[in-house]
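You will see two complexes here that share chain A, one where it goes with chain B and one where it goes with chain C.
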Partner chain A sequence: MPEDKTIRLKIKRQDQPDSKAYWEEFDLPHKPRANVISCLMDIQMNPVTRQEKTVTPVVWESNCLEEVCGSCTMIINGKVRQACTALIDALPQPIVLEPLTKFPIVRDLQVDRTRMFENLKKVKAWIHIDGTYNIGEGPVIPEKQRAKAYLLSECMTCGCCLEACPQFTKNNNFVGASTISQVRLFNMHPTGAMESEERLETIMGDGGIADCGNAQVCVEVCPKKIPLTESIAEIGRETTLQLLKNLFLK
Partner chain B sequence: MGSITKGQAHFLLLKIHSLTGLVPIGLFLTFHLLVNSLRTVGVLPYQWSIDVINNLPFLIWIEIFFIYIPLLFHSFMGFYITQVAKMNAIRYRYPRNWMYVMQRLTGAVVFVFLIYHMGTTVVPKIWNGHHLFEAAPFLIEVMNQEFATWTGRIIYLVGILSATFHFANGLWAFCISWGIIIGPRAQRNASIVFMLFGGVLTVLGFATVLEFSLHPVDVEPTLKGAF
Partner chain C sequence: MPKRKPQFIVIGGGLAGLAATMKLCEDKARVTLVSYQPVKRSHSVCAQGGINAAIDTKGEGDSPETHFYDTVKGGDFLAHQPLVRDMCHQAPAIVHLMDRLGVAFNRTPEGHLEFRRFGGTLFSRTAFAGATTGQQLLYALDEQVRRYEHDGQVQKLEWHEYLSAILDSQGVCRGAVLHDLHTGEIFSAKGDAVILATGGPAQVYGKTTGSTVCNGVATTAAYLQGAKYANGEFIQVHPTAIPGQDKLRLMSESARGEGGRIWVPRKKNDDRDPLTIPESERYYFLEENHPRFGNLVPRDVASREIHDVVYNKELGVEGQPMVYLDLTHQSEEFLEHRLGGILDIYAKFTGDNPKKVPMKIFPAVHYSMGGIWTDYESNGSGLIDHQSPRNQMTSIQGLYAAGECDYQFHGANRLGANSLLSCIYTGLMMGPGLIQYSRNLNSHFEDVPSSVFDQARDQWQGRMQSFKQMKGPENPYVLHQELGDILLANVLIVRENSKLEKALTQISDLEIRFKNVQCLDTTHWSNPAPSMIQQLFCQIQLAKIITQGALVRNEFRGAHYKPEYDLNQPKDFDPHEYVEYIEKKQYGEVLESEFPSGHTAYMKRYEECNEQWLKTTIAKHNNNQPEISFEEVNTSLVQPRPRKYD
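Moving on, here comes the complex of A and B:
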């Protein structure tokens, strides 16, 4: 056990995308209100392990430091979450840090989450603006719908829901809960609805909505409390209707 | 409709997997447990029901197209779906995640059980040429023997429980996948209703096992001179 007023971090490190992972332990003096990122910064300034060995500083990603960008997502004591809001005093020691397991590793705790952004592009997770012609002003959105959309729009593409999803693996093409929820968000927007059929057709393919196995872990781990299982069921309904339309009306 | 892309085929296969779990397999399971539970009412109603089924016109085609092909398809897709995913309920211990694991586990148990169940009933029936009115007394005799030992009883109890759980939990998943129930509260209520339904099916199955175990009966041939 680390002595009082010492923080022990156990970090899973990896030098290259395809090299072997190894563990290193760091002891740091306790600071009040420290979080995992501030500890990583301390290590960066003085990268000496518990065994007094000087090593390369640990690499990680972070940006907003207030849980809105999602870039600092990692596995902390076995659970996927954001490092910037992981307060040291609330965590049992030693604090174990691991990179996400469902994305390619860049180095140490930094992973490549391109797959998430590619999936958002695939489903056109945006609202079209005027192109060569004016598509006009959007209609007023009822308050209730706006509130619902706001909830969905809080997704920060952090990847927690994908990391914890048993159906999302490195070997398949599943787009995961966040992408499905974004399809719902943009389909419910009056202007976004103009592309709703394209979005549904994309999600009715390899790695789409049918690949979800209803384990509902996504909704448990989403730091933004996005109603992901409701989004999945709603897109389930929209795709069922689209399927019927394709079968009987086209 | 033009030709289908690979992605669309993938989607449709998963949708058909989901659909076959409900119709015809789930429907058959419900019907099968219901009819068998007639045994608790009396031997004669049970024997008649088997006779009616075994004398249906085009029975073999009904069995092939409404039971065997959908069941094989659902099973192989089921194993494929299980194999491409990576279960993690040890790390993420949420009730729904356990149900997800159980859905796959019970599917595999049912698959093994069905091989055994068909091996002791359908295969000898066909092998020994017991058709039409001869089938009922023959099958009841087989069942008497199945339930004569504790090994046999436990195999059936596990098989039935796995099938009813898999079906009940599968109905819930079906309703979400197809967008029939949506909100979190609706999903929770539906899971309660489907589990109650699964409970009823389990009781039907267990009562039949109990009846066979406690009161094995000698059956008369349905037609004189048969056997």
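Moving on, here comes the complex of A and C:
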């Protein structure tokens, strides 16, 4: 625990999507087990900067506060991560908070990650079932295969992998590691596999797997330790096979 | 003329809202889905342990009827029985459906669904996907709804807030007033019915296991429009949570389902490393006091025992309000496989490795058994008529509710792994009735004068504008914290009328201070400040519902514990005696001598108590106060009897 009983936060703020960003600093009393979220909550209760200027409370996005919803992703001391698991006592000060840079800013630390959800539509990241009626049990699945799928299904669409990826930018349409990994997840499932060719065709197209530069940083920043590079390699193999199949069948 | 397609507005994108949306889309309806945030981030992701379905894959003799009995008993018989029974009978089909949707449920060696133990039952009834079952179930439904969105049947309005229902001159709900949280625009949306699937009200208590969006505001808004609110005082305090500044993170009941043991050192303020304390000097109080159920007693029982050990016996770990939850006797491999996700959360937030050292935990506000009142229609044979438009309708015609925000399924205390079930069940079950409701309408929203919608919108525009102009000295976030502190101090595990009365006074003081709140942000883009004030206003009203209900209900039932009204069950009492007693009573007065000493008198007390209090609490908004009345509970299937978890 640091000797200093004050926490200093330096926060990059922006009032509107197209306005200029600016910095504000806040000094807060240290509290046990504090995290970045509890500090932002403290600012709401007393929105006064270090220079004793009363300002509007900082706007950010959060919900579950236990790193399963993906909301509170931001850049903390230069590293992309969730704010809820950013424990104050483990961070050097001042603690610098910035919004994600690869997504349009909404306000302050809040960004618009609609693109990620749109990409899930593109690759049909769902199981096409006959209906919700009671038509019996699901497929028998070996536990080993289930465990592999489970790792991938923990993806909370937080965007860490995309923020870190040098190929994913605001100006291109690369889908990025998280989407590619979801293609793998749904192609692995016995029912999902029935639409695997369609998914592969999509991911072979514009903005798909060919745009991956193999920088391998996605896997390093993933808070859920999803084997993203393994997914990319696997989908790479599958798309190559699909390509060959297309050649011979057409 | 092409056939008119039913159109609905679903508020909330957790399990209940998504299940309802999926089901309605399957019946060709169009759905507008409204959520504070992308629906994939809804609070259902926090549910960890699993979902109950009596599929009996282990030859234990479990059945939906036993599941039904465990659930109504767990809820101290305050739930309507045909509904609970229908839910338990649907549970196996629901779990199989979720499996077909791709949920990565843990498997047996043969590749079938694996089940584990949970609290309040002696059977392995809980299907699970690692330790993130809620997240996995939510994602599966989110994916199905995304498919319908892709096909154009669903319009998502994420980053939108529900403000109120729009009622026509007959008081029928025809739409909703919505608030775009980015642009600040307030507008009216039209639909054949509005479905509230807005989750629980945990945030009224401030620090809880709930997510930030679990604020109880939508249902309170319905209450303020005249809807009945039911059983508000029944708030579940989960026995095992991790203390924190911003949130009390849940440590799932599955930790105990997989063998976790709760204990404290027998010696006060024992500061030894817990691993060096020998077995004989550990007090496994749940196991000692409940040899059959052990660590898997229902949550209300476990929370009371922990409270007693910490505050009455003063045996809290390190003299603090904490007890050990110990998994260190299990192998690391087993724990990783069965509980990985939740143990990671503990490690991330405390820095301790729960596979190596016992966790330190304490009870926290977790779930509301109560909620907005909803209706149902029995099919005459102890189940539900799934075609009835009455199912899940609030007391406002055309306004429905599903999931944690309704009140019907858990009585006075919810059993673990029944919440995911009730959320999905209500969402699916209400679908056919909603379609019927739309078809049966004599006039649709198209026939309602536009002035109805415009007036509702204008009224809210004025109201939000007035919040924006508030310039008093009070910080609304501070008031919210104080409101939570009032409830935590007075309306929690142990309830006393003097403290409840004090809480009501404090809440009305706070309501006066609310008038002097300051809107901390008056800008026009993505400004949460006016909404926060509106939410605080509703939460003050909700705090009154909860506290007033608790004050009026002079008994001890489930999570509502008033020591003064404890009926003092004899230690050697067997609940079956009560069934016998009721039978004997049909043939005349039952004599003291027919049962062991003291039992007949106890059973008479129990019977009298049920006559007065085995009723649903109803709060109606009247003159700025909750007016409390009571309604009968449907106990037509199983004879209520004293609970005992020995």
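The criterion applied here is as follows: the second predicted complex is superposed on the first by the 238 of 250 C-alpha atoms of A that agree within 3 Å, B and C clash if a C-alpha of one lies under 4 Å from a C-alpha of the other, contacts with A are read in each partner's own complex, and residues count from 1 in each chain.
Methods note: contacts are C-beta pairs under 8 Å (C-beta built on N, C-alpha and C of every residue); 3 or more make two chains touch, one makes a residue touch a chain.
Just so you know, these numbers come straight off a predicted model, no measurement behind them.
Undergrad: For A:I235, select first, second, both or neither according to whether it touches chain B, chain C, the two together, or no partner.
TA: In the superposed model, A:I235 contacts chain B only, not chain C.
Undergrad: Counting only touches as set out at the top, which of chain B and chain C does A:Q216 meet: first, second, both, neither?
TA: A:Q216: touches chain B, not chain C.
Undergrad: Now for A:G176: first (chain B), second (chain C), both, or neither, which partner does it touch?
TA: Neither chain B nor chain C is touched by A:G176.
Undergrad: Going by the contact rule set out at the top, does A:G159 touch chain B (first), chain C (second), both, or neither?
TA: Touch partners of A:G159: none, neither chain B nor chain C.
Undergrad: Between chain B and chain C, point out the one touching more chain A residues.
TA: The partner making contact with more of chain A's residues is C.
Undergrad: Who does A:P94 touch here: chain B (first), chain C (second), both, or neither?
TA: So A:P94 meets neither chain B nor chain C here.
Undergrad: Tell me the contact category for A:G78 with respect to chain B and chain C: first, second, both or neither.
TA: The answer is first: A:G78 touches chain B but not chain C.
Undergrad: Can you list the residues of chain A that touch chain B in one structure and chain C in the other?
TA: none
Undergrad: Residue numbers of chain B touching chain A in their complex, please.
TA: Residues in contact with chain A: 1, 5-8, 10-11, 14-15, 18, 81, 84-89, 91-92, 94, 96-97, 99-100, 103, 172-173, 176-184, 187.
Undergrad: Taking the complex as given, what residues does chain C use to touch chain A?
TA: Residues in contact with chain A: 22-23, 26, 37-38, 40-43, 45-46, 93, 96-97, 99-102, 104-112, 114, 129-130, 132, 135-136, 139-140, 143-144, 146-147, 149-150, 182, 211-213, 243-247, 249-250, 337, 341, 345, 348-351, 428, 475, 477-478, 481, 520-521, 523, 525-529.
Undergrad: Under the touch definition given earlier, write down the residues of chain A that touch chain B in their complex.
TA: Against chain B, chain A makes touches at 78-79, 164, 166-167, 169, 171-172, 204-217, 220-221, 227, 229-230, 232-241, 243, 246-247, 250.
Undergrad: Spell out the residues on chain A that touch chain C in their complex, using ranges where they run on.
TA: My answer: residues 15-16, 31-35, 37-38, 41, 44-47, 56-57, 59, 61-71, 84-85, 87, 106-107, 110, 113, 117, 120-121, 124-129, 131-132, 134-143, 146-147, 149-150, 153-154, 156-157, 186, 189, 191-192.
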